[in-house]
Amino acid sequence: MALLSASGVSLAFAGVRALAQIDLQIEEGELLGIIGPNGSGKSTLFNVLSGIYRVDDGSIVFRGQRIEQLGVAQIVRCGIARTFQNKRLFGTMTVLENVVVAALKGAQGSALGDVLGLRSAAQARDKAVAIADRCLALTGLTQSRELLARDLPYGAQNRLELARALALEPTLLLLDEPAAGLNPSERAELRELIRRIHGEGLTIALVEHDVRMVTGLCARAIVLDHGEKIADGASAAVVRDPRVQAAYFGVVEGEEEAHGV
Amino acid sequence: MFDQLFIGGLATGCIYAVVGLGFTLVYRTLRMVNFAQGHVFMAGAFLGLVIAERVRLPALPLLLVVGAVAFALGMVLERLVFRRLYHNHEVFIVGSIGLGIVLMNGVRVFFPEPVPFPKVFGSTVVQIGTARFQEAYLWVVVSTLVLVVLLHAMFTYTRTGRALRAVAADAEIAGTVGVNVNRAIAFTFGLSFAVAAIAGVLIGPLYFVSFDMGDMVGLKAFSAAVFGGINSIPGTILGGLVIGVLENFAGGYISSAYKDLVAFVILLVMLIWRPTGLLGRETPVKV
Amino acid sequence: MKIGKLVGTIGAAACVVMAMPALAQDIKLGVVAGMSGPGTSYGIGIRQGAEMAVKEINAAGGIKGRKIALVVADDASNPAQSVTAMQRLVNEPVDLVVGGWGSSQVLANMDVAERAGLPYIVVGATNPKITTDKNKWTFRVIFTDSVQAEQIADAAVKRLGMKRIAVIHDANDYGVGNRDIFLASLKKIGIEPVAMVSYQSADKDFTAQLSRIREANPDGLAIFGTIPAAPAIMNQARDLGIKARFIGTGGLANENLMTLSPKASEGTVLTTYFHEDVDAQARAWADRYVKEFSGSAQPPRPVLAAWEYRAIKFIAAPCLESSGTDKEKLRQCISRWKGKLFSVPGEAYFDKTGQLIQQSVLVEVGNGAFQAFKGK
Amino acid sequence: MTAFRISQRGWIVVAALAALVALPGYAPQYLVHVANFILIYTLPVIGLGFLTGFTGRVSLAQGALFGVGAYTTALLTTKLGWAPLATLVPSVLMTVVLAVALGGAAVRLAGLYFVMATIGIQQIVWLVLMNWIELTNGPQGVRSIPAIGLGGYELETPQRFFFLALAAAGISYFLAKRVIGSRLGLYLRALSDDQLAASSVAVEVGRAKVTALALSAAWAGAGGFLYAHYVRYIHPDMFGLEASVLYLVMSMFGGYRSIAGMIVATAILESATEYLRPFGEFRMIAYGMILLLGMMYFPKGILTLVRRRASAPATEKS
């Protein structure tokens, strides 16, 4: 049974159809690619899956539970974490604090317990810091642990957002164009990092308009165009599907000419 | 008693509406609230007083002169002061509160005592049904109507009007299509100062003018703008009129102690129930 | 002219800071009042009265050769700040305090004087709660709302023949204090008010309240409020067609009443604390006072200036002369004081609650000025 | 080198504290009186700091909430004869309940709407204090509120009260540091940086904001409690919009998120209000100018200018 299955998901903004009857299955342990030209609805789909937008109709079932009406924080607690296309970090907080916030998983606990310094509060905090350190190590950010997030170079900010999402220990990770703005060497590094994270058993959905990134990483890919799913299958085959090429306007045959629009 | 309260309420409602327009104009273009607006209204009244005492202008020229001077003052202050306050809400709000305090106490140095305003709009008492009121009340209502029509015409038919609407919709895009955004913002402040100053002159003869007259009127006008819809001009006008009339009814029929409560209870309820106000539309929040 | 006014005010403000440099052996007399904020005109009147009295006393050799130095504290007509202002005088330290305007402010700052054991003569607050059997160090020369409200109620029915009396009052201490005593006095004479409404001091529009009053078509309208609300009520009442004659107490006793409502205030009858025409000495003082202070930024306010002047010249000075600056002796001297004051008919004396018992003065507004009330 | 620097700074702090504790001994009573006001005002200002500094929410109702705390204890002590200290918890609770009841829904709204709602709350509370005469004596205010007695030792004079005020300010500072360092503090700072990102890392944004509002009300209520038993006469006008503006300015001037900065700003601005007193209107003009120019040139608060830290300004360690 699929980890996540969305059926008939539709969403419109003031008459403009953003998503139209999308059906999508994400299998347990899969690394699914989601490609499509700009404005095809990729980010909108992620915003719906993560609860930022409410669907007009259709349903989303995650591990047997319907989540399309839940709030953002509730969906995260169900186990879905995401990164953002434009990096949304807590600029005035340190790198460690950014990740610890996620590691705490919004555990309310009693604020009073915290303030009075009860043992349970201290333990929860230490556990969170441990998780955070592990994620920082995974993403190679340990040495900039005390820096302010806003003072990090762009590439490191990118990895920090990834580390923060991992600290939520999700079962499904939605990556929204993680490679945007990276130079080729950083891209390669990121690809290896995603491969390693996926290797540890984490199910990932990757939105990326750089087709080569997707074909390199993902076995399966779906293609969105103007809010519709126009292809779903093995990533190598999907890329050569004529309709997909039409959507990308003149993507010429062959690997080397493929380029992001 | 009903018609006396209604017409009285209508006149005060017009003042809240016109001063409220000042809030709406600035909010539409900048998503900021200028808390010195009430004191600009007060300064307009004193400006009218000084001019009327020195130059014996009849009503209409007085309104136009005060409007023009306030317009210029608004443009200048936008360039010198407000432009440096656009960092975020908090900085703009506290900065405008500071400007309000300076304006109020600056006027108090020259006019520590309430002063009668010359009867520029005539002083004969008019009678409609059992309601009796000064001629000046008619001036308030008529001027408000004229002002609204002029503003509406300006926004729909003139080039500057369209430019202002573009900036209100999305300043970045407006900039890219050739609208001089800074000039449009300065123009908006000029307009909001002029509108408030005219309201000050209109109300002058009805009551006395005093340095602290801006506080309560400013807060009530603010509630009117939120109630009607802070990004919609017709909404603010409607909000002002409704609050003005309801206030008078509460004072007349229930108890005058809670006359002021009406505006603030409406403000609070509206914010929670419909923050965009009666006629306001949702201002899109970009994710 | 405007610039002159500005310089005048800076001058006034500056001198407050210097405040006649107090030499070591000078007697320090504290003055607390609201010289900014809503009560500015009342506060400055008090300061002028003090300056005039002290200048005359010092010119005549002071108190046994010791000069009196004024220490002025502006409480901005705000209760919270009046506590701090009095604390400053206690801390100076001053030998006694003569001043105080606004019942809320005096109710706040008198406790500081009581706790510090500092004689405090109140000149500008009429709420009855200030002088009770509990206060030991606080005296009051201006008579309370109760005396004035009783007298105006009596005059309204007996001398003005009013039958249908309506009441509009400020929601502050002054308004509420006067209303309660006025209604009690009317009840004693068997008259019920036909309408009663209240308003907030900062209100500008009174159509709501006055419409209710017009419904009751009264022949007399008692206004217990201060400037600028009272003249605004008078103007708007006449606009609404209310013909009733206006009556009131000390809150209306301010020349600004006639400047703000020149036509509507005609014929108003009110009790007041001071009037030039009651006796020759009052007229002489008034002329000297107006001549001395007409140049300053504030138009002269004789009413409270007169009380401050009389309290210092005829009560504080003689007691300082006889019992020096020992606080307890000074207090006893004041409490036993008895004597004649200009513009006060008959003799006045302090009762055991520290209230100066005296006859009040009835005046009428006639062609823009207060005139002694002569009957109808 | 850092070891030396800390001990040198440490010494300054210790010396300053010693001077402060001994203040009633050598300072004139009037100075102690102003110091008491400063210490009392740090409570509503720090309370407001939870909202402005740490949650990015501006509130103009702190003056009214301060008043609710003051009136609760004043009425309980004068009308029901409760002992002053017994009314501390009720005063704080009443303020929190009222703040959350009136502002709980509004605090979740976008920043600008929340400011508007707090103005409504401020005016409503003031009007009720002024007009519900049977409960609050309205414009007559509440008189002869008893002083706080500690073991039969009445804190009547400014000198005696000073130690209670100092202790209260100390506890308030210490507790505030703990709150900011706690998980809640982390959530508040996160949501004020980027609310959407915060909710997408499982932070219950709505609940955190209401908690911040409740905390700011609790601090205001405690401050009101102290104020009532120090001034011992309260009047609605002491808790008007001007008071809210005063606390907002103090909390914003202290520096974006520095509690120590807020305390220093409170000291500077409160003593400025006192020592500019003889200048009447000019005092208020100066005050307005400080506000305006301060926001124009130091939007992040004057004291962040003073701090010369290199890269990472002093952040509260988690």
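Read from first to last, the chains carry the letters A, B, C and D; within each, the first residue is number 1.
Operating definition for what follows: a contact is a pair of C-beta atoms (placed from the backbone, for glycine too) under 8 Å apart; a residue touches a chain by one contact, two chains touch by 3 or more.
Since the model is a prediction, treat every value here as computed from it, not as a measurement.
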Maximum centroid distance from chain B, chain identifier (CA atoms): A
Which of C-D and A-D has more C-beta contact pairs: A-D
Most central chain, judged by mean C-alpha position against the global CA mean: D
Interchain centroid distance [CA atoms averaged], chain A/chain C, Å: 75
Centre-to-centre distance between chain D and chain A (centres being mean Cα positions), rounded to whole Å: 42
Inter-chain centre distance, chain C versus chain D - centres from mean C-alpha coordinates, in Å: 37
Centre-to-centre distance between chain B and chain A (centres being mean Cα positions), rounded to whole Å: 48
Where chain A touches two or more other chains at once, by residue number: 52
Residue numbers of chain C (touch at least two other chains): 9, 36, 171, 200
Shared interface positions of chain B, touching two or more other chains: 108-109, 112, 215, 257, 260, 287
Residue ranges of chain B touching chain D (in the complex, touch as defined): 31-33, 81, 84-85, 87-95, 97-106, 108-109, 112, 215, 219, 222-223, 226, 257-258, 260-261, 264-265, 267-268, 271-272, 275, 285, 287
Chain C residues touching chain B - in the complex, by the definition given at the top: 2, 5-6, 9, 36, 38, 40-41, 171, 197-200, 202-205, 207-209, 211-212, 214-215, 227-228, 231-232, 239-241, 256, 259-260, 297-299
Of chain D, residues touching chain B in the complex: 52, 56, 58, 102, 105-106, 109-113, 115-117, 119-121, 123-124, 127-128, 130-131, 196, 241, 245, 248-249, 252, 281-282, 284-285, 287-297, 299
Chain D to chain A touching residues, read off their complex: 175, 178-179, 182-184, 186-187, 189-190, 193-194, 196-205, 207, 211, 256-257, 311-312, 315, 318
Parts of chain D lying in touch with chain C, wherever the complex brings them together: 28-30, 33-34, 37, 130-131, 133, 138-141, 143-144, 156-158, 231-233, 235, 237-238, 274, 277-284
